[in-house]
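Below: a set of structures, written as structure tokens.
Shared between the two complexes below is chain A, which has chain B as its partner in the first and chain C in the second.
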Partner chain A sequence: MSVGALPQASRARSMVDFYLTTMRTQIQTQFQYRAATYMYTLGMVAEPTIYLVVWTTIADAHGGSVEGIGPGQFAAYYIVWTLVRTMNIVFTPFGWEERIREGQLSAQLLRPLHPVHYDLGWFAGHKVPWLVMYLPIAVVLSLIFHPTLDPRPVEVVVFLIAIWGAYLIRSLNHFVLGMVTIWTTRASAVFQVWFLAELLLSGRLVPLPLMPQWSQTLAAWLPFKWTFYFPIESLVGSMSTAELVGGLGMQLLWTAIGVLMVAGSWRLSVRHYSAVGN
Partner chain B sequence: MIRGLRLAGTYLRLGVLNELQYRANFFVALFQSFLSVAVGIAVLALVYSHTAELNGWTESELLVILGVQIVLGGVIHASIQPNMERLTDEVRDGKLDFALTKPEDAQLIVSLRELRLWQLVEVVSGTIVIAIGVSRVQTTIGVGHALAFVALLLVGAVLLYCFWLVLATGSFWIVTMWFLSELFEGIYQVGRWPIGVYPGWLRYSMTYLVPIGFAVTVPAQALTGRLGWETVLVLLGFTAVVVVFTRWFWRFGLKRYSGASA
Partner chain C sequence: MRTGRSVCFGLVPGVVEVDGLMKVFRVPEREAGLRASLRGLVNRTWREVRAVDGISFTIDPGEVVGFLGPNGAGKTTTLKMLSGLLYPTAGEVRVLGHVPSKRERDYLRRMTLVMGNRNQLQWDLPALDSFELNRAIYRLPREDFARTRDELIELLDIGDLVRKPVRNLSLGERMKVEIVGSLLHLPQVLFLDEPTIGLDVTMQKRIRSFVAEYNQRYDATVLLTSHYMADVEALCRRVIVVHHGRILFDGDLVALTDRFAAHKTIEAVLADGERITLQVPKAETSRATAQLLAENEVHDLTVEDPPIEDVIEQVFISS
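Then we have the complex of A and B:
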């Protein structure tokens, strides 16, 4: 029936329209708070800079490299780190408590779209000004720490896809985590254990080859490394084209798992949810 | 001075009474502190699995630094940060009037009002980390060193307080200050490592601009037998200058405050 086809197409178009509008609003909003963004970025850049300094010191003390990684590669890793970190800023699971307490979730339930779309669009736009504003900082860091960065074109392409893959995976996982809040008021303990595992097993702390063998094996079975280590390494490392494409495949797999988990956990939780607030 | 101390005592009692209502938060803070100590120790183990010493510091000595950073972090989270966050919020909302109209020194009041008692768990866990570190360090530590350590720790807390107050005073000019805690928390992680590992420009800015080097590394030096008198003298002189500057800057900023509905 041709009548059915038309709403299908217009639904897709209105979805794209929704995402673009949400993103555009956020881009404009965030550009207004340049000073605040810069200060926040400064606090964020402190973390990789500390790691970089510590590992460079160790590399220099051991004839110029640790596990085959030299100062130039550490510099590249930790400068690209902040780009990937910025991509990984998503709605925090801690935020669900306020959404429930303030009654915002009840309002969201009245809207025609699944709430995950609002968060995805919002934070996708939110990070664009941040990325633009990080670039001068990255240039300054590069002048100080001399990164070894010489990517092939295919690596650049894979990197540009992988950072959005990382964004999707982390957004979806955090949405599922946030659902815990609907079931208990002490969800923060769960979140903290999750963030601890992420810090150690994602490559956020150190490039994964520096970790003990058993934790690398563990990391291979978890989603974390596909949100930090893989995107960074796709640009700064020397992966073969097959490994790069395989990595994107793993991201796709974890995105699919994330979508299923979001759909399932949302359906269960919203049935359990009872409103508070005004 | 006596009035100030009595005021501090009153606010302390109020804060404790208030926090005792939320006893379950003790376990939340305990759990948090346990995780953050675990991360700190895991990171040290990882670093020292690749090297025997970092910039001349052994793993046990770095444990002392980690412990000092955690103890001072506890003081910041329990008292300094909540007070300063409330200050910036009230400047934005115009509620600072209520503090300014009280018949006591305004700086004293805005620095004392809040207390998150359970965050002091970090002071305990940090002390345990220091004790473990010290017991594994070879050099013997006399009573003199221990006293110097406690005194230097207090000086460190004063420096961190001044730094926070200078940042928070910025809210008289800049309205959005939501990033302050994130900014400080990020930069404060610098203190986990001996200030000597950082390249010159960063080392100087982390000592004089953001006094984390003085606040964390110097007390740890007292416990690991690396402290010279010159450092202590420079530190004391610097602290005096910072305290006076902070006082002046606070008053300078306060003049810009125009109250509610402005």
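Then we have the complex of A and C:
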């Protein structure tokens, strides 16, 4: 066989093959660290459980509800929150410094595939073991906190789409954010501001209806809400079908913005990249 | 000084064509100490470093070329520009007809850059899983991929290594596995940056013979940097010597020695067992040898060029 003569599979088929192979590889990696995965899953549950206990206590102190949200709704919100949070785990912008220093970015740049595909495939596989392990925990939490959860079929369908939409939006945003590291080696301060904004305006810390009106208005113009609050509410809330479809439309819009941002900033960043690591 | 071939953009296409290639890095600079740190907050000073300073060369199909120079000479920076990792400040580069900085998929599928300290393998999994990932990345049909993979595994004799988790492999074993991973798509051009760094002699030899075999079997073009002259002597007929980002020599390895080796070493073992070593100017070699033979009863005699390391050092001194 002559060199460089290997034929290629078709593009669409090979992309599906790439994603499945990457996910499979990552699932295998996760199983190498079973103890770490257990601990991480427990850690993931701790945060919403704390929020849940706090809000349930506040609701009880206010005669059973806060702004019309009762303990059962809080329970549903934070149990689904954990599922959405797990889906929302993507490559952190903080990891870009190591990615550059250790030569991983250089290795990825040498491959005939945009690195964002690698991140998407990798973290899609990453969450499969977590989701599997979270489901029994969710059952236990449900038995303890009695969530009010009675979704319509359309809500379940929208939720299943929305959690992947949230994953895409967050992946693309973090990819753009991580590229700041190519321009300045100490980009952590920028990331901290971003994460603080996300914490407050996404529905992660507090369900958005409990926030002041001005911050709800602000949240509507930013991507964060569509990565936490919308997927959760699509399952636990009482949104109309039009609102559900509109929410998916907003996710599509933010995905498109993310794709454009990645494409544009990637072109500039690669040109600036100095391959300072390996 | 350039003694090698000229660059022929558009006339005789080489696999690698480089013309006036330059890379300038802008690096921050400051003195040590707290005062300098505070000053740097408001008034940062920068310095321009010309890592590669207008080099030109062409490499023909199937050539194996040694790219030599001391640390900081610009070797790795050049390889990174040739592979599309770095964007050149000035000059033109074409590899296999592509401009590397455009990073076209068709180009990336036809080349590889192997760096001695690069890690493209999944740390926790056997290398076979990483190979499988490369198959998907390079969109290789399964049958072709399996055939190439098995062929390369056999060539480097790593059948027992590829089933162990990568974290359990030694440095040398990992390097061999890395090399196979980098070649699964059968690249036409190999940029090898210190492929034998940190390896023991046996491992170095194995990798050398593997590169030679790959070059022969697939008629691949190879540009190789190494601080181990044994790598260069075993693989390269042609060398390009760079220093401070400029080419000092481009030509046959033999010509390098002829041009820059000022001395030859004569070693003689006399009849009484005494061993004599003489270093004589090259022009004096015949006369000194004749004199040695006439004045002594010699049992054994060798005349050698100086080690290639010394020759290259001489190139740097003369520059």
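The working rule: the second predicted complex is superposed on the first by the 267 of 278 C-alpha atoms of A that agree within 3 Å, B and C clash if a C-alpha of one lies under 4 Å from a C-alpha of the other, contacts with A are read in each partner's own complex, and residues count from 1 in each chain.
In this text, contacts are C-beta pairs under 8 Å (C-beta built on N, C-alpha and C of every residue); 3 or more make two chains touch, one makes a residue touch a chain.
It should be emphasised that the depicted structure is a prediction, and the values quoted were computed from it without experimental measurement.
In the superposition on chain A, A:Leu260 contacts neither chain B nor chain C. Touch criterion met: A:Ser188 reaches chain B, while chain C stays clear of it.
With both structures placed on the common chain, the touch criterion links A:Gly43 to chain B but leaves chain C unconnected.
Once the two complexes are laid over each other on the shared chain, residue contacts for A:Tyr33 go to chain B and to chain C alike.
Using the contact criterion defined above for the overlaid structures, shared-chain residue A:Glu102 touches chain C, although it does not reach chain B.
In the superposition on chain A, contact of A:Ala220 is made with neither chain B nor chain C. In the superposition on chain A, A:Val53 makes contact with chain B only, while chain C stays out of contact range.
In the superposed pair of complexes, A:Leu110 makes contact with chain C only, with no contact to chain B.
By the touch criterion defined above, A:Val245 lies against neither chain B nor chain C after alignment on the C-alpha atoms of chain A.
Shared contact residues on chain A (touching chain B in one structure, chain C in the other): 33. Those residues of chain A that touch chain B in the shared complex are 33, 35-37, 39-40, 42-47, 49-50, 53-54, 57-58, 61-62, 66-67, 144, 186, 188-189, 192-193, 196, 199-200, 205-206, 210-212. Those residues of chain B that touch chain A in the shared complex are 28, 31-32, 35, 38-39, 42-43, 46-47, 49-51, 53-55, 174, 176-180, 182-187, 189-190, 192-193, 197-199, 202.
Per the touch definition, chain C reaches chain A in the complex via residues 25, 80, 83-87, 101, 103, 105-106, 108-110, 112-113, 115, 117-120, 122, 124-125, 129-130, 132-133, 135-141, 144-145, 147-148, 165, 185-188, 218-220.
By the touch rule above, chain A contacts chain C in their complex via residues 1-9, 11, 14, 17-18, 20-22, 25, 28-29, 32-33, 102-104, 106-107, 109-113, 270-275, 278.
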